[in-house]
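Just so it is clear, A, B and C label the chains in written order, and each chain counts residues from 1 on its own.
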Amino acid sequence: MTPKSPPRKSSWSWRSRAFRGLVYQVVALALIGLAAWFLWSNTLTNMRVRGIQSGFDFLSQPAGFSIGESLYPFDSGESYLRAFGVGLTNTLRVAVAGIVLATILGTLIGIGRFSRNGLVRALCSAYVECFRNIPVLLQLLVWYLVLTEVFPTIQNAWKLGPFFLSKGGLNFPAPVWGPGELWLGAGLAAGAALAWGWRHRARRQFDLTGRARSMFWVPLALLLAGAFGGWLAGGASTVLDYPVKGEFAVENGGALTPEFLALLLGLTMYTAGFIAEVVRSGIASVPAGQAEAASALGLDRQLEIRLILLPQALRVIIPPLTNQYLNLTKNSSLAVAIGYPDIVSIANTAMNQTGRAVECIAILMSVYLTLSLLTSGGMNWYNARVAIKER
Amino acid sequence: MTEPIIRFDKVNKWYGNSFHVLRDIDLAVGRGEKIVICGPSGSGKSTLIRCINRLEEHQEGRLVVDGVELTDDVKAVDEVRKKVGMVFQQFNLFPHLTVLDNLTLSPMWVGNLPRKEAVDKAMQQLERVRIADQANKFPLQLSGGQQQRVAIARALCLTPKIMLFDEPTSALDPEMIKEVLDVMIELASQGITMLCVTHEMGFAKAVADRVIFMDEGQIVESNEPHEFFNNPRSERSRDFLSKILGH
Amino acid sequence: MDAASPSSADWRPVAPRPAPRRTEGAWPWMRANLFGSWQTTLATLVLGGLLLWLVPRLADWALLRAVWAPDLAACKAMEGVGACWGVIAEKYRVIIFGRYPFEEQWRPLAATVLMVAMLVASCTRPFWKRWLVVLWAVALAAFFALMYGNTLGLSKVETDRWGGLPLTILLSSLSIVLAFPIALLVALGRRSNLPAIRAFCTIYVELIRGVPLISVLFMASFMFPLFMPPGLTIDVLIRVLVGITLFAAAYLAEVIRGGLQAVPKGQVEAAATLGLSYWQTQRKIVLPQALAMVVPSIVNSFISIFKDTSLVSIVSLYDLTGALDLAVNADANWKPFKLQGYFFIALIYFLFCFAMSRYSRWVERQLNAGRRR
């Protein structure tokens, strides 16, 4: 007998679960809709009363303010939209630098808590406790104060080799992009290709003969040799733009403002404490039996870490690590308190000048929300890929 | 008489300053001998066999495995570990690698075998424990009994002379104990030296050349299974047997 | 049978004796942990040397040659050589209490002590009963009565004069207390079978968690006045409180949802076979277990919110961080010693947060001990 489809149940009685669910949702949506309408109509009224315009058209108008530092040139005649763009690049600049530095520092400290040396362990624990229990805003303010008060004036700037350190920030020799540097880049690319080729060949040789060839040092040497060769081919130029102490400021060279430095230092040291905890708990999550089994099979410590401990620990470390990266990016919004022109500062200035609070805050929130969603999405994809397969 | 493959000579071990976990252990294991070690918990049985592949270090006495004395010398320890295979109570399979990768790991990275040979060897061992069809699954996709059989196959891939079993069936559900014990019995019939810490007395009766009873860090009794189970000579052995054979 | 194996006839028990080489105790610990191998010894020497150089200098600056009295001349004389803790002695009232009228400062002191006592009490077992909610309501009422006044013969003090430590504690405690029921509902809503409710709760949580707190505070500061009917103004303190509460509720909702997921499905099924309704099941079976499991995470959320209240100084509320600016920025005499002021409030934050994180770890150990078989 052919199977029949189940009879359609539809009842309008209050006792039906589906009906009740429907009613609850309708009521909830109606309440939310009502609240939203209430807020919306108030907003419109208030804006009319106060004479506030609305709309995103202000974005094309000239900004009327200049920005302290930016990756690309900006003057006060450019549009608000471009100003927001500068803010975004400033945010990303400090976020990316902070993420890299905090990861390195945090990983070292996290691993240091397993050191055989009791002193190293104690110092790492002290670092983590200290920096995690003080608000990040306070840390930023202290760094900013130190960089602007304790550092000498530009006239008396500290000189370390070609570097200048003063209240005006850090000045460093910057590379000058010329044809020589292009050769350098080409050499680097060639070195990278050779290194990749070596690793590929080494892996195949290992499978075929069982002899392990160097997978790190030789490719690194190839990479550096390629870069060096390219540099030689480009004329071995050692031209750098050196900073020179002028009358009121240090000229030439590259510069990092004290605001950027304070923000970078504060965010790095704070987030490194959290990353250290994440790394520590990831390493500790691998059961001791895994190391024992590896020892029993004759694997030495290096192989044990590389093949057994690290893959398992990384699976536990990566999700909370991405969370910390997001936190660092969100914490960079505190730049508004020390005058670094990130996107929140720019939005604040724009809000004050145009009165368009709703639009500016909406732009702000969308930017951060996009960054967050992209990162969570990427992380979910990674998680699904490396999940340890169970029943 | 031929030289014993394992010799404990007045071996003593402490945990910390005062817990004397192995006391004056004197033991000689002959080649191809099957020994079952039993005793109450805390008696030092696991510690004893873990000393053999230096997962635990002894503080006093001499321990010689297949002609190599176990000391702080790292090379000696590595040499010994290539000849000794171990099966753990918690299986300790590597969850992020497939069953096949679990088995080929040591032969490729420590034994320097080419991949093809390592895979052949691994498949051979998997056939031996009758689980070859699961070669490409991940450990957590298998049942407990299957995982333990994979663990036995993994230890066998080193072609060890000695196999150590640390309560291999204690973490298994009852219906899976038999499949693991069957594999161990088959292994025993193939001439390998085995030391097994277990409570499975049926296994001891079927396979063991000797049963060793330990209590409070000492070897109290060491006898043939038949003698041990029917004529336990010391008070403590009698007590222990009545507890575990009574139900 | 080998001759070397013990024959039971001449077996003698061996008495335990102490280890020949001690592995526990101060000297063995140092030998193993500080001088175990040549790399360890090298690290110990280098780090130890650095510390031996640094610590006496720090102690000199911070303690030995520091100026403790609020003496401006002495501080200026010791500038760079000794710390000027005199700035704290001089300004601590403004730093801790903000712009609260000087004579009435016993009131915020009493209110803060009351709040801290309530928080500590809520953490101890004897207080985990139903009447704790009532007690909190009474304590909050007393807090507001003390701070705001205008009753019981106390003079009125407007909220814009509240500041310093009482404000920090008020904002963090009140926002967590108010956020809790919201977070409960949102967490349950995210796990509900009704798609509309689930979507709404998910959007709320993901939206708030994706943006920094400063943007929520901006929203509270600049947008909330627009949401209200014309003519109705709300106190900036209430606006900020609402903003922090909404923020905290999203994070708490995720924590609670984690706990809800950890409750085995069998519990809900058993409750269903006993005839309990949805709300009864949640109230009596699921939530008690879920919340007990995530108490350490809830305490961690509280620590985060406590630190995050420092952000209200950006929207012109003078909490502990903002009050320092208030105390020192205007006073050109003491301004050079602002760094010492920062260290002082950093110490206050550290003490509170460290104590709370220790408590959270203690609770975690208690929970694990209860679950170990």
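Here is the rule we use: contacts are C-beta pairs under 8 Å (C-beta built on N, C-alpha and C of every residue); 3 or more make two chains touch, one makes a residue touch a chain.
Keep in mind the model is a prediction, meaning the values are calculated, not measured.
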item	value
Touch-based graph of the chains, sorted into line, ring, star, complete or other	complete
Interface with the most contact pairs, given as the two chains involved	A-C
Chain centre separation (chain B, chain C; CA means) in Å	50
Rounded Å distance between chain A and chain C, as computed from the means of their C-alpha atoms	25
Distance between the centres, which are taken as Cα means, of chain B and chain A, whole angstrom	49
Partner chain B, residues of chain A touching it in the complex	206-212, 287, 289-290, 292-293, 295-300, 303, 307-308, 311-312, 315, 388-391
Partner chain A, residues of chain C touching it in the complex	29-30, 33-34, 36-37, 40, 43-44, 47-48, 193-197, 200, 206-207, 209-215, 218-219, 222-223, 225-230, 303, 307-308, 310-311, 313-314, 321, 336, 338-339, 342, 345-346, 349-350, 353-354, 357
Touching residues on chain B, where the partner in the complex is chain C	1, 4, 7, 14, 16-18, 20, 23-24, 26-28, 30, 59-60, 210, 216-224, 233-234
Interfacial residue positions of chain B with respect to chain A in the complex	53, 55, 78, 81-82, 84-86, 88, 90, 92-96, 105-106, 108-118, 138, 140-141, 154-155, 158
In the complex, chain A residues that touch chain C	21, 24-25, 28-29, 32, 39, 42-43, 45-47, 49, 115-121, 123, 129-130, 132-138, 141-142, 145-146, 149, 330-331, 333-334, 336-337, 344, 347-348, 351, 357-358, 361, 364-365, 368-369, 371-373
